[in-house]
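For reference, the structures are reproduced in the following blocks.
In what comes next, subunit A is part of two complexes: it sits with subunit B in the first one and with subunit C in the second one.
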Partner chain A sequence: MVSLRLALRNILGAGLRTWLNVIVLSFSFVVIIWHKGLLDGWDRQAIHDMIEWEIAGGQYWVNEYDPYDPFSISESHAPMPEELDALIRQGEITPLLYTMGTIYPNGRMQSILIKGIEPGQEIIAVPSNLLQSGPDEIPAIIGTGMASSTGLKEGSFVTLRWRDKNGAFDAAQVKITGIFKTNVPSVDASQIWLPIDKLRDMMLLPDEATILICRDEELGTYSTSRWDFKEQDELMVDLKQIIRSKSMAGLFIWAILLMVAMLAIFDTQVLSIFRRQREIGTYVALGMTRRQVVTLFTFEGAMHAVFATVLGAAYGLPLLAMQAKRGINLPVSSEDYGLTMAEKLYPVYSLGLILGTVIVVVIVTTLVSYWPSRKIARMNPTEALRGRWQ
Partner chain B sequence: MKKLILTFPFMVYSLMFSAQVPDGKEIMRRIDQNMSSENRSFTSKMIIHSIRSSRTLESRTWTRGEENSFTEYLFPVREQGTKMLKLENQLWIYSPTTDRTLQITGHMLRQAVMGSDMSYEDLMEDTKLLNHYNAAVTGSEKVGDDDCWVLELTAFDPEVTYQGKKLWVDKIRHIPLKEELFAKSGTLLKRTELSNITNIDGRWYPKKIVFKDMLQDGEGTEFIIEEIQFNIDIPDHVFSKGSLKK
Partner chain C sequence: MEADLIIKLDGLKKHYPIGGGHFTALNGINLDFARGEFAALIGPSGSGKTTMINIIGSLDMPSEGRVTFMGYSIGELNAKSAALIRSSKMGFIFQTYNLLPVYTVFENVELPLLLLGIEKSTRKKMVRDAIEWVGLTDKIKSKPPQLSGGESQRVAIARAMVKKPAVVFADEPTANLDAANSHHILQTMEKLNRELQTTFIFATHDEKVISYVRRRIYLSDGLVVRDERVAPQRTEV
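Then we have the complex of A and B:
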């Protein structure tokens, strides 16, 4: 207790040197928490958006379907399983049919993925209800990313070329009846959405589908040799890997920030021990053991972290709370990154994140403070009293 | 009576025309005789005219029947040594820079070759018209100075790439001088113009073909045959995967 009081008096007495260290350390605290909170917020938002726009409660995939192999997509389809007919009719499962095609916006050629969707479905957020047009028109909807890359607008017509199941070329004009805004590029980039029945007619594939999207995960119990059920976690594995790799990059920033702060603490400690040798000798002469003196100096160092926590909380809490409420506008959109990312990110600061960061920084600071203080244990008190460097 | 007098000349003309017009099948058979062969080998130059610039590719190709084809690129240096092997519906592309062979099937075969107006199918297939289409002669027109039959082809084979074709066939040499290729819906997809018709080993063959994808802008792709040999002995190993890395 005496050591704690003495340590407090000593570091307060050090004045500006102490406050500089505390400011640097508090800055590290706030930035580490802000960065981690930002990633957690992105993680939460991306998962929410992917479930809402693409994954829903999970998906059945026809065996041959491999989203990473565009060359096999047109051949990946099968009749919908009879066992799921009732659920499909009830709107609990919605089928999608995929094929590759080409569009010619403004005389340019662009390879695209054509997706057929039920106009009345309500399982994913793609606004398929916009797929309405006259009897002789083929309605189509696209995302804002696709609209921007092709220059297509609502109401415009574009030539679409595709192959039917036999491989014969066919082409027609499609009318863009809607453009939707989404944070999920995998339902927007280089793709066009058509009514599934129309696409089935075009492909000569009546009642066939490539994937079946379930409203709830409980619907994924049906099993067959032709269709595999993919759970939400499996479908989000790529996103989670990206976020994990971003977190690793975040750890690097975290380590650099902490290292800068710890360097300041370490430097301060080394300087203190060098300049306060007579004081150390006096403590020992007055009856303190060397171990108690080491503890005193370690407390002094660790108190920087305590002060930094208080200071960081004073300006960091309102700042981070404001950001968590208002969000952070990103200068780029998901279309530019190709990742599920909203234009405004809302960081998430959990209690675990804040407490965890505080505990880690306090422990590391204590260790860094103890490291140079061990030298005191090897000092000769008589020499120390004379102020001779040992 | 007046009506009969007016229509009579047209009826006579129609009868005369139909008497002179050869059967569509016969025209296709003659085209196939000129254009198709059991096997062939040729050196060609492909000049791709895009909106901004033009570039040239040179290659040597060996084909056997409708299914097998092997192409090696000779120019430019960047593409030199790139090889493509097509066996039925599968295509392998070997890139010497990466020393890797990529196998592609299905949709990729329908993609444009190196940014040209031709697909891999257009480039590597030797399709006999008689095996896939029914034909009807619908008229007679001039292409340049040459009198041509206008032939409209409708595919009876649902798997053929272009379900409709319109050909302007030279009445004397029985070679198409112009082709229009249609989608199932009737949309015009491509137009080709065939010129430099040369007699090679008793058959007429176009040494220059200009392909134009009608759905996109651009000046099209020129395909120039520099040297061609028909019905030669091509060893089996040419159409094997082993030849890709040789």
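Then we have the complex of A and C:
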């Protein structure tokens, strides 16, 4: 095809002008993919961490439990269902008991959620094995976020106040026996973890629990009257909602980056019309149809994207692959940032992301090139030959 | 030689809108051109020379009258047919050379043949022959910015002639050249006219060009005021 051949000849012949455009466009390619890969990696990591630290294979919730209603949490408990006894004993399901309470760190008062957990459980990543202390002490563990906001340290004692099942207030000193680092704020912020048996004693609720966490999703098939099974997807609705809204913001940035890249191409094409009028007139005088001229200029623009893809792949793929393997160290920790974020993010660059970006950029570049080229079709060749077209 | 009519202008008029009225560039031209003519449209700026060449060359359309080029009525051609005729039967030489700056001499001359879809080996030979006609074989890989004005115009001649068109339109081809280069390129065109029987139509007011042509058509205010056939009267460099 003549237009394709001439387009290639033209952009190779244009030298520096072409390569500057190609470099800018390839940089945009890499940044677009890097940015989207970073967000995808962040999302994937958030889901992974939430499953590992909180959700596991799904949870049975006692009917009354509503995590968004702090006033009903203390009343949300029930005896553990007999149907699941064996699985609980085998360690396939672990119970948690929740109640609201207050602590008084450094003379301040702070409302908290008290969570009772089996010290020997291995279903979620909360290091419950740190709940070890002397016989007269109540051990407790907290996350680094909680430690930071309360000023508590390992070995610190803090006064804890709670209400038992009859509504009677009681208080005791608890000893912080461990502080854990997590990327999941919902197991850290404003909460304190105690051995479940100790909490049951404190609340006068032997063998009761608020939720039961399953190791695998297959364990959610039991039907019990007071307990509802929540699948992973259901438990991650909020997180996925955040991811969706974050994706929209990401899409906006993606669009801005794309626009910047397209502006470079558009600028080149518009400049071409004014700077290359005489050349266009010459093409027409030599026998090119207007359609061929439009095709030529459109191909020229599209070839920038093709060259940018090749160049971007040459330096971008090794760079992105290295980042995906080694991760990116982030300057802020999750508790400072207020979002679920690891100290190191591992971007995820899927084939779909790379191919999708390349296809979108090539198509948009072609369209952006075509649009000003259409104006060429309206150019009077005699005016173009004299370079007078406006 | 000139019995073979290839261009016929019959009452050709061309008006351009200006403000509320219009400017008449050509005001009823009747002319014939035969195969192998070496003719010049002569006149001052604004006399209608370039307009006439553009219309015969199907780059512009007549406002009134009829222009017939090798049997085709220019005013009735669609854009695609006009492009096809330009690519196969016409060559253009411009005052400003209009070479493509990023192409080599070879690529500039090759362009019309690419548009005609001529096969590679034939195309290469035709391009080399054309470059040889104009004596630029040693500059075949040079790009226009590396050429002098005379060399550039010779490349433009090679580009116009490479496909051996029936007619070459040359609009002020010597305007940017010194006397020596002007004579050189005029001699080249005269030689090609003689050897290939190509019709040359110049738009010019350059005495050097006028001295070479065998037909002089004087234009004034869009009208032919004199049309004479003469023996060439060359001036020396």
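Everything below uses one rule, namely that the second predicted complex is superposed on the first by the 375 of 390 C-alpha atoms of A that agree within 3 Å, B and C clash if a C-alpha of one lies under 4 Å from a C-alpha of the other, contacts with A are read in each partner's own complex, and residues count from 1 in each chain.
To be clear about the criterion, contacts are C-beta pairs under 8 Å (C-beta built on N, C-alpha and C of every residue); 3 or more make two chains touch, one makes a residue touch a chain.
Values in this document were obtained by computation on a predicted structure and should not be read as measured data.
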Checklist entry - Since both structures carry subunit A, what do subunit B and subunit C do when superposed there: clash or fit? => result fit
Item to check | Which superposed partner A:Arg5 touches (first subunit B, second subunit C, both, neither) | outcome: second
Checklist entry - Is A:Leu199 in contact with subunit B, with subunit C, with both, or with neither (first, second, both, neither)? => result neither
Checklist entry - A:Phe169 contacts which: subunit B (first), subunit C (second), both, neither? => result first
Item to check | Which superposed partner A:Gly281 touches (first subunit B, second subunit C, both, neither) | outcome: second
Next on the checklist: Looking at A:Ile73, would you say it contacts subunit B, subunit C, both, or neither? Reply first, second, both or neither.
Outcome noted: first
Checklist entry - Taking the superposition as given, does A:Thr159 touch the first partner, subunit B, the second, subunit C, both, or neither? => result first
Checklist entry - Looking at the overlay, does A:Ile117 come into contact with subunit B only (first), subunit C only (second), both, or neither? => result neither
Checklist outcome for this item: Once both structures are overlaid, the C-alpha centre of subunit A sees subunit B and subunit C separated by an angle, to the nearest 10 degrees, of 140
Next on the checklist: After the superposition on A, what does A:Ile213 contact: first (subunit B), second (subunit C), both or neither?
Outcome noted: neither
Item to check | Shortest CA-CA distance in Å separating subunit B from subunit C in the superposed model | outcome: 67
Next on the checklist: Using the touch definition from the top, list the residues of subunit A that touch subunit B in their complex.
Outcome noted: 70-75, 100, 102, 104, 106-109, 111, 159, 161, 163-164, 166-172
Item to check | Touch list for subunit B against partner subunit A, complex | outcome: 104-108, 110-112, 155, 158-163, 183-185, 187, 189, 213, 215-218
Item to check | subunit C-touching residues of subunit A, taken from the complex the two chains share | outcome: 2, 5-6, 9-10, 12-15, 278-279, 281-282, 284-292, 380-382, 385
Next on the checklist: Considering only the defined contacts, which subunit C positions touch subunit A in the complex?
Outcome noted: 50, 54, 57, 59-60, 79-80, 83-84, 86-88, 90, 92, 94, 96, 98, 100-103, 107, 111-112, 114-117, 159
